[in-house]
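Got a structure here, written out as structure tokens. Questions coming.
Note that the chains are named A, B, C and D in the order they appear, and that numbering of residues resets to 1 at the start of each chain.
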Amino acid sequence: MTFTERAKQWLEQSSRNSLGIAVGVAVLLTAVGGAFNRGFVSPSNLLNLLAISSLLGLAAAGQTLVVLSGGEGIDLSIGAVISLSAVLTSQISNGQNGLLFPAVVVTLVVGALLGLVNGLGIYLAQVPPLIMTLGMSSVIEGIVLVYTQGQPKGQAPPFLATLGTGQVLGIPWLIIVWAVFTLIIWYVLKHMVYGRLLFLVGDNRSAGRMSGVPIAKLVVGTYALSGFFSACTGILFLGYTNTTYLNIGDVYILPSVAAVVVGGTALSGGRGGYIGTVVGAILLTVLDSLLTTMHMGEATRGIINGVVLLVLLSIYTRQPKDA
Amino acid sequence: MLKKGLATTIVLSLVAVFLLAAGCGTPTGKSTSSSGSGSGKSFVIGVANGYIGNDWRTQMIADVQQVAKTYEEKGVISKLIVENANNDVTQQISQIQNMINSGVNAIMIDPVSATALVPAIQKAQKAGILVIPFDGVVNNPKVTNITTDQYSWAKGGAQWLADQLHGKGNIILMDGLAGVPAENIRAQAEQDVFSKYPGIHVLQKVFGGWAEATAEQKMTSLIATYPNIDGIYTQDGMGMGIVQAYIAAHKKPPLMTGDVTVGFFKYWTEHQSSGFHSYVESNPPGIGATALEFTVNMLQGKKLKSSSIQANPVDTSQTNTVLVKSPLTVTDTNLQQVWNSTMKGKPSSYSLDAWLTPSQVDAYFQ
Amino acid sequence: MLTIEGLRKEYGAVVALQGASLTLVPGTIHALLGANGSGKSTLVKMLGGVVRPTKGTIWVDEQRLEVGSPAHAIHKGIAVSYQETSLVPSMSVADNVLLGIEPTGKAGYVAQRSLRERAAEILDQLGLNIPPDVPVGELPTNIQHLLEIGKALVKRPKYMVLDEATAALRREEVKRLFSIVCSLRDEGVAILFVSHRFDEVYAICDRATVLRNGAVVGTRSLSNTSREELIQDMIGRRISLEPVQQKTGTSFKKQAVCLKARSLTNAELRGVDLEVSAGEIVGIGGLQGQGQTALLRALIGATTVRGDLETDGHQGLFRNPSHAAGNGVRFISGDRGREGVFGQRSIYENIVIGRIATFPLWKRASQRGENQAARALVEQLKIVHHSLFQEVRGLSGGNQQKVLFARTLASKPNVVILDDPTKGVDVSTRMEIHRLLRNLAGEGVGLLIASSDDEELAEVCDRVLIMYEGQIVRELTGDLQPSHITKASIEGAQSEKGKGAETRADSL
Amino acid sequence: MRTPFNLNQRATRIFRSPAMIGWVLFLIGLVANAIVQPTLFKLSVINSNLGLAAPLIMVAIGQTAVVLAGGIDLSVGSIVTLTNVLVVSLYSFHHTGFWLAAIFGVAAGMAVGVVNGFIISVVRIPALLVTFAMMSIVNGVALAILPQPGGQIPADIYQIYGSTVGGLPFPFLLIVFGVLLWMIFRYRKIGRYLIAVGGADWSSRANGIPVTKVRFQSYILSATFASLAGLFLTSEVSSGDPLIGASYALNSLAAVVLGGTALAGGRGSVSGSAGGALFLILVQNIVYFANVPSYYQTLVSGLIVVIGLATTGVLYVRSGKLHLTNGR
């Protein structure tokens, strides 16, 4: 690809694209925060905001893939999978570095399997994704309760705890981990056959089918991947909070969807990408932090969150009038 | 073919789950009537717990079950039914109605809402069932709420912080969840204390949702925004999150009220020598077990002393609440002893626990 | 009197209709003729108010028709029976027939009884004996088309438009339809009859307007116009109407057979046998909707079918299109928007998917050389673009079609199956595509092309199979002429229906 | 796979009615419930079950209207809350007459529907996103109106709600009222047009149906039913609570899907959704009366619902997709 070609490509994408708008809004919000309080724009706070965003960003990774895959794809079970994963890793590893590896393996396999069940229900039994993943979410919550008998044991192995809360050269490990994940997901989406087909199939499933793409594998696999990424997130959450509890992932269900759409990924599928979600996660975190700084009450916060979402989405997704 | 097999499998598994569910036990209605008439003193008690999704609540239920077991062995309780609603009012109403319909003798409720359950409770009372809301309170003059004295609980911590700061300094208030009754009572106590000290400046009041991760995130922002935090007042379930935020920021946490979890105690014991001071007043999950003691006493016909019953903290026009004082306060002085005797070796989400003994409960009765 | 003045419609760069004018006179049946893609359907949709013209006016009884408003068209007495039907599959027969014009009783409720009565009346008139409560989506195609006509009839229109209304009907159904149409004419209704079938046109129509490439060639009175003249108007050059010679020995030098199907049977196919050799282009012709599309879909495993299939290195039917693609059998759908292009993705991606669609999902899709390859294809096919990374939906129809070709070329197929490859494509692109198909065959690829465009079949195919009602009824080889194919298609219909056409004409 | 005519034809025909799926599930649930709870058919038990079912059924009816027309409404739960807090705070704290307060409450809910409808059908933004954002906004407004649970309604209102009238449970009469109200729309043109627009957008346009208007109205309908549900729920709980409606958005959708209505639109029925809603209510009873141990309750009820959904999905797939050969 020549340089001009790349430039053209970039222009092509950002002219219509929401990424630029999201970045702009995030910067604007940060600036407003800075105007209210100098401390808000201090380097250490910005790093912290980034670290907090990383949790939401990781939680929204699987969500991004599922939404991209089209067919009204959405995964409301990520919260429950995150909780289960944190609990599993905590109980199996029991705070010991030595047991971390088997714990992580088991957790990842379980996460992927739960995602697989979602995918099968959605693809084979044709249950709408919204409802299927919602139902699975309560099943998984049930599994957590039964597995822990209400009292999760163990804690994060020191290695994981360092990853969750430690810093290196003043930069939180979380940000670095997130960057690595972002790189991996970017690679998967950009350079793996799976990722490249995902965008196309998300855009037009019938066309994908007719062009010879193995749709069943791709769609079911995407839900499994979402489970896998949620499991990764759960493991890191354990590192962040050190100890775990039953409902650790709940708070991320709806924000993960919000981060995806604010990042410009179309809920209809096939458009967007993980970089957008990264920006979306940062934007939402900055907004939340800003509202905290501005002493907004819960009620006002809900209203402002909704209005911001509505306005951004109006800009991104206005549909053309037909005929 | 595949689809056909799939359909059969699914229908079969539906039947299987129903059978499984049905196989879990005999119909409750029957067992009630038989056991109730048998000894004449054996009670069926229903526990309608509004939420089971966090560790505090699961511990609370475990405590209730533990105490109930001793009563079951004595033949006082024939059966304990525990139902959990997913923070959903209508689900809890449905569970209460099921308890009424299956003929329990008493219903203990950890309410999702202070007001929305009133009609269901009245129905229960009409059916001759004793209703004991606990942990949270219900605004109905005819029930007896059993709850930890949230006001004095919150006041204790706030007062300690104010004293330690000698009435001067910048503090952060990390509160729970807006719109929830307990939160409002605690907020009142905080305000009552801190407003007496003009030298104490509240930098910010934030809601950490009684969740460690949320508290950790909010605190992270606050640490970066305010370089001059002298003290932190926090409530349940968030102390360790705050400490984590400080650890991550490579700073020492300031004076702060703490949390009853093993995780927090561990940190405290390890850092006491390096100048970390805290104060924990237990808000024990054992309140459920305490409430069970009250319930059994009342089922056996005992009457509460009139001095035991105080104004409802949510709606002070009603006098219907037993305010149980926190049974244990931990400060630097007794930290080591408490740690060694009750906390060491427990899972890190375990909360410092205590409930009133039968004799302590007896003191509330005539 | 309904007058159309200079109607023009552009879809992006493609001009579907360039200033058409005609007049419908009450008490007459007016035929609208034209090859596939000549703009007939666009014209019909403008009359129905579904498509908004780029330019031009429609006058109804001296008043201007609001463009782009189906409700106003209906209000002015125009009723259209659409070729693709305007039914709601989940609604019942009765509800569909009166959709949009439900009789309402007191307080605004839909008068169920009167609705059912009126629906029953129409069903009766059409000779349909079906329960009015069945969802129309469960009914066979011919009944659905009759209901579409019924929907027009029930409106008691002053102007009725029938777009290819007879294409899917059986003989006796056509007969009944004609008697209804003729009595309407006698009552003073103006009817626009769009059809491919000449004997039908001659049987009932008074005048005929011929469209070619979106423009009106002329309007003739049918009583003094011969078929030859009409066909000449449609095709644009003189042809002979001698009977088609069927040559048994193929002029094509047979190579290895690369696709061989035996007795393919399902709801729409009645035992189709088929062979395509490497380097051969086989066409599938016939009147519209005779199972051509169903055949193509059955071959690639997109629909369920019984029978047997054999390709280079594979024995047995394909499970799904991915299975077919994995074995070198590629498909280009006729429904470009829905099943062809990925509109929101780039040209580059749209092309490269041809190569990577059947790769294992977890593999790295090496991009080395991909750009060059894609660029080479884009240049080779002369796809008009300003960037390899622009969205495909911004391209014209012809260029989108070329992108689909580029995708198929990138996959290095053994067999390519195409449905209407030049639908909605301008003339020069069409020629390029034809050249491309030839080249592809030259490289030893076997091609199977279904097309409703007989000229196209004649131009590119080595051999043409004519389908009628789910069967292959004729095979044409040798020096193919469009008129021969057209004729064979119509004759196929007639041979199948016995002496139907004559009887029909006589009885009217 | 599917032979056109066989002995099962009649059976399939019955299954093809989308409502059947919901009612079959409901019947299975009813039988299972009756087995574990012999007292199920006592009037007082029926009464208390229906008291909880009535609001959910109302929301599900409104949700069905939107889904039939090819949309979705995630804001119904927040509308339930809005009506609840508005009615209670007007009556308790601003001394408005109860019925006036009720009218205000329902009107406010409908206003939310108007905003939804306008943004979705006229401004053309996907329904899922609009109603998702609206949910957050309306919940915020509700919390601002009533920051904590409190207030009350006249005692006779909630006593009537729990009573029987002429031997029939009052909530049952309310459900009948809801269904009748739906029928007012169902049997007018709008009722048909909802299905037409959801089932075949292009065909609807071609038949002169005002597609935009129909979409718009579907959201007003859904909001109306949701705010009536809020009113019923207020009678059930007799007080205001700013978090009360949270579960209704997703539960109503689950009821709709369990009731055999296609989320893609155009096919389904309100009676099926009612069956689905009742099924969801019964699941809670079953879990209770089967003595499922405390920690297993969530798992068991979750499994029942997921399997129910899968059953619906498979039956729906097997019932054969409607198709038009040339349709869009």
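Throughout what follows, a contact is a pair of C-beta atoms (placed from the backbone, for glycine too) under 8 Å apart; a residue touches a chain by one contact, two chains touch by 3 or more.
None of the values given here were measured: they were computed from a predicted structure.
A count of C-beta contacts for the chain pairs A-C and A-D puts A-D on top.
Centroid distances from chain B, each centroid being the mean of CA atoms, peak for C. Computed from the mean C-alpha positions, the centre of chain A lies at a distance of 45 Å from the centre of chain C.
Between the Cα centres of chain B and chain C there is a gap of 70 Å. Centroids of chain B and chain D (each the mean of its C-alpha atoms) stand 33 Å apart. Chain contacts: chain C has residues 50 touching two or more partner chains. The set of chain B residues that touch two or more partner chains comprises 6, 10, 52, 58, 61, 86, 178-179. In chain D, 1, 143, 147, 205, 295-298, 300, 303, 310, 314, 317 are the positions where the chain touches two or more neighbouring chains simultaneously.
Screening every pair of chains for touch gives A-B, A-C, A-D, B-D, C-D. If you check the complex, the residues on chain D that touch chain B are 1, 28, 32, 35-39, 42, 44-45, 48-49, 51-52, 55-56, 143, 147-152, 158, 161-162, 233, 236-244, 246-247, 281, 284-298, 300, 303-304, 307-308, 310-311, 314-315, 317-318.
By the touch criterion stated above, chain A contacts chain B in their complex at residues 37, 39-40, 42, 44-45, 47-49, 51-52, 55, 124-125, 138, 141, 145, 148-155, 165-167, 172, 237, 240-248, 250-251, 289, 292-293, 295, 297-299. Against chain C, in their complex, chain D makes its touches with residues 1, 4, 16, 187-189, 191-192, 195-196, 199-200, 202-210, 266-267, 320-328.
Chain A makes touch with chain D in their complex at residues 72, 76, 121, 124-128, 130-132, 134-143, 145-146, 149-150, 254, 257-258, 261, 267-268, 297-307, 309-310, 313-314, 317-323. Put simply, chain B touches chain A in their complex at residues 2, 6, 10, 52-55, 57-59, 61-62, 86, 178-179, 204-207, 209, 211-214, 216-218, 220-221, 223-227, 240-241, 244, 247-250, 261, 263, 347-350.
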